[in-house]
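Once you scroll down, you'll see the structures, which are given as structure tokens.
The two complexes that follow have chain A in common; it is paired with chain B in the first and with chain C in the second.
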Partner chain A sequence: MSYDDHDDHGHHGSWAPIIASLGTMLFLYGFSEASMGITAIGLTILVWGLFTWWKGDLPFDGSEKMGELKSYGTPFGGMNVRKAGIWLFLMSEVMIFGTFFGAYIRMRTNWNTHWTLRDKAQEAIDGGATGTVDSIVETCMPHHHINVAACEQATNGLVNNSFWFTESGPPAYHHVAAEYITADFWTLLPGAINTFALILSSFTVVLALKAAKNVDLEPRVRDKKVRNYLTITLMLGTLFLILKLWEWNHLIHDYDFTISTLAGSFFYVTTGAHGVHVFVGLVFLTYFIYKAHIGGWDQNNAQSIEYYGLYWHFVDLAWVIIFPAFYLY
Partner chain B sequence: MGEHQTGWQKTLYEKTGQDVYFWNFVFLMVFTAIEVGAVYLSLTYGATVFALVSVGIVKFFGIAAFFMHLWDDERELTYTFACPFIFVVILFIGIAFTSPGGVAGLPAWCSPEFIGSYSPTAP
Partner chain C sequence: MNKNKVRVMSLLFVIFIALAATPQMTSYPTGLGTNGNNGCGCHSGGAGTTTVTVEGMPDSFTGGESYELTLTVSNPDIAGGEISANMGGFRFFASAGTFGAGENFTDLVQESEGGMTHTELGNDLRSWNVTWTAPDNEGQIVEFEAHGNAVNGNAVIPTDLKGNTGDAWGTFEASLPGAAALGGGAILIEQAEPFEVAIAAITFGIALFSLMLVYVFYRNNPDGFNLNGLTEWLKKWMTTTDHKEVGTLYFVFSFLFLLIGGIFAMLFRLQLAVADNDFLTQDQYNSFFTLHGTTMIFLAAMPMIAAFANWIIPLQIGAKDLAFPRVNAMGFWMLAFSSFLLYGGVMAGEGADITWTMYAPFSNSLGEKGASAGTTLFVAGIIMLGISSTLSGVNFIATVMTMRAPGVTWMKMPLFTWSIFVANAMLYLSLPALIIGTAYLYFDRTIGTHFYDAAVGGDPILWAHLFWYFGHPEVYVVILPAFGVVSEVLSTSAKRSVFGYKSMVYALAGIGVLGFIVWGHHMLTSGMDPTLRLIMMLTTMLVAIPTGVKIFNWLATLWGGSLVFKTHTLWALGFLVTFTMGGISGMFFPVAGLDTHFHDTYFVVAHFHYVLVGGTLFGMYSAIYYWYPKAVGRKLDEKLGLLHFLITFIAMNGTFWPMHQLGIEGMPRRYHTYSVDSWSELNSFITMSALIMGLAQLILAWNLIRSYKHGEKCGKDPWGGWSLEWTTTSPPPTPSFHEIPTQEDDNLHHVESNSGGMFSRMWKGVEPE
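Up next is the complex of A and B:
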């Protein structure tokens, strides 16, 4: 960060983000330990941290004196510290979602099903079935889907219906959410609407930023435009969460697709983590709308909307991968 | 932020009256419709995967390049964003090689038995 010799220059010395992080940690710890006391304390600290943070940000005019610092040195020399910071944060987000996808891909290759099936195929060959282990496995699971009848025939009845649909113990085959979601148009509709909603919300954030930077607009008109675009973004994000909860409810109650299954845990943890990101985005958006309402945005401090937009676009970006992988395939 | 657009983005704005963000939004909506439609067209397994992956790549590019401004911003930011993907790719390669058929299903020239010929019947 670039500090100069002028003592009257303030700098970004707020402890509020760290306080908010501490509150988040306590909140989640209390949540996992089922301790209402710790959860409540964590939530209180989190809200206090956010309030302090936002209170400090409200008068921000975009100047270095108010806290917009430049980084120096390689590789972000001359760049706003907050901009470099949000990109570094997004780096860590890529890793988080990368691990979710890694686990999911591992499951979708049906490695445990395959090994079990290979043992059964060998057993069937030893018992007189024709073909090789590979050919029987391919007959049973063409392109990672199952063909119960063909498999039963290829293994002389050894791998039958009970192999695929066990009542107890680990299931031999993991029925993924996409099988239920793509079953008919109406079950896919919430996910499809959510995809369109997120893309549209990304566009409205861009429009809000453009409006905030538009020096040709009257301040009142500009404030109104920024507020309206951000409000539409908030509504779309809220719609996303409502549809997601409706969809989860549908999967759990109509298809008995719960988090207790392997495929269910991957689905709910990944889409849930994404939903939490949307929720956090909406919390910050509420503050942004309030700031727009009191006329707090102009071309000098609009970069805050840009940095928020980077986060929001990343949430959209993650959904671009989650939607086809978890909902369509 | 590319409000002072130059080059093809400026030409696009002059010809259509809409900037690159608008057209990016339109393309993303269209490609999403294609994505959803591909699932209902009863395509083959390979064609469905191809459609989903290719549309996903196009949409990913559209959001990262234009909505996230990587097209116009400093290259260092693109490298920063690309960096973790190296680890994700390594992770995926590890998963691929340890999956059923991951090694046995490789082409002959890529298998341990490969002795310098593409012919599977080579001595």
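Up next is the complex of A and C:
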């Protein structure tokens, strides 16, 4: 992730890539076959690969020999290559969350139902119904919710129950998470706390970076400060995950809002993917804290914390968009 | 033992166990996966003393006749008990003929996946009647296979009269010859089982491959041929982060899978050679062409491109290595291991059958009528491929953006580097749609989400949008690098700089941008939004403009150049012809009215093979002949190269040209057979050409191996290229440059192409130098 590559470009190789890839494969294999054993083995091997990677990184001191290359030429001239790399990586993360978001909005606005409805509305008008296509659509789906009876009337019976609902029951269009969450102050609270926790944790990463770069501090004080700020970040992130799980539990058990409804699928997978990003961030953070603990950060290599921070800010930003879209809308 | 040996050995061990376990895990009667292949198969494990018998089998069958068979499971340890719920179950398969319910058993047994199984009601029994109607062809032997379970969840056992949740299943197998096969005078040629052929071919391929590895190791240093040396050598390849070595890994991997994908193609071309053929079953056909498409795109074309990108990009821009060498190695290993997931199902006879486009709602369907069970693994493999490509995409873009040597400015960068840059920018910005799309699919199949399930309001068209939002950029990801190679090869061969360099760059960038807003042309018949359909029609037609600019620039580069006919030149010229034809057939589709006729016919198959084989593959072959000397220090044999080119070029057209006609006549793609006799003639011709084309690739394989030791030696710059890769030794040192070099102007080395303007030169027909 952020402090990827401290290879000096001399050529000792690294075991990390092959081990981590093998772990990923076994993990996915186990998950597909619903075999907890293999899943766990895969995960273990994946972590082993990560450790191997970090072992190589621990002595990183920010020198060019250790792989901190400088970029030349437009557009990044003078910037560290790793920083350009993390920005590029974040671009693809933007697309990842953009996809989540686009698919969700498509569902929420009934985009695909909408235009088949338009066809039907036109058909109804051709058959003598009054109004325009737009007005019929508005009657059928005021505020994106479905009004079956009014719609049937407006289209002279053309768009009836069987247009909207399948034999196995109503499509779960309108039961979105926000309905339950916004119903009550106490259900909204965890999400609100989480939002603040993440924003605050973005701030503490910046403080850690500032401390690490501060040459006026005595090394011992500096190390302690860096470690403490990072630890606060870790705790805030952990709080986030705990509250999230608590909230999921609440939605599932008290409201029966499960993953097997359409809105539930989107809600749990999207917020879950965000949660995984937070979790991965925390895993990396433990490495940073360990390095701070042994006094590994100073002004020469603290940019690694900065790059980590870029990722962490991104995760924060993603949440700031997810929260209103999934919890309030 | 030293640490290396332990590590190499244990990693190899895990890999082989994984290989071996894949088919084992999945050959239980449950089949693959957790999703209910119902029948006795809701349980696994516990094979024991259960016996399965089938009564009523004749000694030989008469074609078309029906037989009433009684299947019984029994187990002395789990004696009858009282009739109770869930006391037994079975599944019954035959390689030919059809099954039906036995008399009075219509509620108790049902059809499932081409065989029979019990129903919910029927699992209260341990004996069932089914009918089997023999196939018409009496000259064959029909194989029967049955799995029976004497417990099936919770039968009542006599001792404690409580539910027994264990399992005890057994298997029955028999062969039943037809009357003619039994000395009725007809000569019986036992039918080859194509599935076994495929497995055998792949196993053989892997064995051959391992042997080849050992041989290569031996040839490298005959004196050091011992276990220590071998693990040391393997360790080097398993841990390498050097861009040239990772490039070599990519290349070997892609070539192996090019051959495997080719084997699949040969097998199903045999099936399609004549009307009503039954060489492959429908299921086998489906999973073979799924694997063929996916393999060719993701495991052959893209890795081959990545191989050259790895090898050449740092050399061309004068960098010591890629920006993130370890991430680069990770990209390769993710790819390599994903192939296990993709192929896991095939090994177990449950290969994914969802085509490379993986369309929902079939791909997310489970159970008997759904996609085959290996699909889950397959989708997991696609996710892993997505991770792999994202890693390498970020890496290449970062490298080109930050590590260009002095003189390699954006507008002086070699076109191959430009093409890789644009291709990877497209790739890594479109991949997220695929990753998320397949993640949705994966969760639909594993943890019970309903993204694509229309029954609860989910949206199958969402899949098509997500897939093609990735899929169309993807086809440019595989063609742009070929554009780059052809630009390099043609300008070097014509001994002049590329005509209209700037317009080439803008065309690449233009394609890169336009490529993102045309995906809907794959969905014109899907029932998508009509407004979007209109927009996509128009934008798709626009793509032809930058593509046309490139083609005319290549032609103008040749104009007035003094062309040298090396093998790579031939491939590039071949590319110009075949790719242009593919581009022209592509222009038929954006017209929605025409596409309604063409969609999902062989016309589409002809189109994309002209662009993928005639475009991407020819381009990459050109690259092989062009850069092999740089990588190895020896040239490939030109005579073998000429032979390879001629055969492939002719056979390629023989294979794909007739498909246009079949498509126009309405032959649908993705069907395992057809009943229109008049199509047989063209199809047999296609199959023959395909076999010839497949075999011709062995010439290349041989050439690659032979020239490694015996090719003609060459210096730094065998072809007269001008860009930085030709300024370093062949093979280059590690790190690839000791001193960061400075690039000079192309035109110092070549006849400048646009002095005097395009038209004056073209009309006058300027003499070079």
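Simple rule for what comes next: the second predicted complex is superposed on the first by the 234 of 329 C-alpha atoms of A that agree within 3 Å, B and C clash if a C-alpha of one lies under 4 Å from a C-alpha of the other, contacts with A are read in each partner's own complex, and residues count from 1 in each chain.
Convention: a contact is a pair of C-beta atoms (placed from the backbone, for glycine too) under 8 Å apart; a residue touches a chain by one contact, two chains touch by 3 or more.
Source: prediction; values computed, not measured.
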First, second, both or neither for A:Tyr287, with chain B first and chain C second: neither
Partner chain(s) touched by A:Ile105 [first = chain B, second = chain C, both, neither]: first
Which superposed partner A:Met79 touches (first chain B, second chain C, both, neither): both
First, second, both or neither for A:Leu88, with chain B first and chain C second: both
Between chain B and chain C, more extensive residue contact with chain A: C
Chain B versus chain C as contact partner of A:Asp134, first or second or both or neither: first
Which of chain B and chain C A:Ser202 touches, first, second, both or neither: first
Which of chain B and chain C A:Tyr29 touches, first, second, both or neither: second
Partner chain(s) touched by A:Tyr307 [first = chain B, second = chain C, both, neither]: neither
First (chain B), second (chain C), both or neither touched by A:Trp48: neither
Chain C-contacting residues of chain A that also contact chain B: 75-76, 79, 84, 88, 91-92, 95, 98-99, 106, 111, 115
Chain A-touching residues of chain C, taken from the complex the two chains share: 7, 11, 14-15, 18, 25-26, 32-34, 235-236, 238-242, 320-321, 323-327, 329-330, 332-334, 336-338, 340-341, 344, 376-377, 380-381, 383-384, 387, 390, 393-395, 397-398, 401-406, 408-410, 428-433, 435-437, 439-440, 442-443, 446-451, 454-459, 461-462, 466, 527, 529-531, 734-735
Touching residues (chain side chain B, partner chain A) in the complex: 1, 3, 21-22, 25, 28-29, 32, 35-36, 38-40, 45, 48-49, 52-53, 55-56, 59-60, 63-64, 67-69, 74, 76-77, 79-81, 83-85, 87-88, 91-92, 95, 98-102, 104
Chain C-touching residues of chain A, taken from the complex the two chains share: 4-5, 7, 9-11, 13-22, 24-26, 28-29, 31-35, 45, 53, 69, 71-76, 79, 81-82, 84-85, 88-89, 91-92, 95-96, 98-100, 103, 106-107, 111-112, 115-116, 166-173, 259-262, 264-266, 268-269, 273
Parts of chain A lying in touch with chain B, wherever the complex brings them together: 75-76, 79, 83-84, 87-88, 90-92, 94-95, 98-99, 101-102, 105-106, 109-111, 114-115, 118, 134, 137, 142-143, 145, 182, 185, 188, 192, 195-196, 199-200, 202-203, 206-207, 209-210, 213, 306, 309-310, 313-314, 316-317, 320-321, 323-324, 328-329
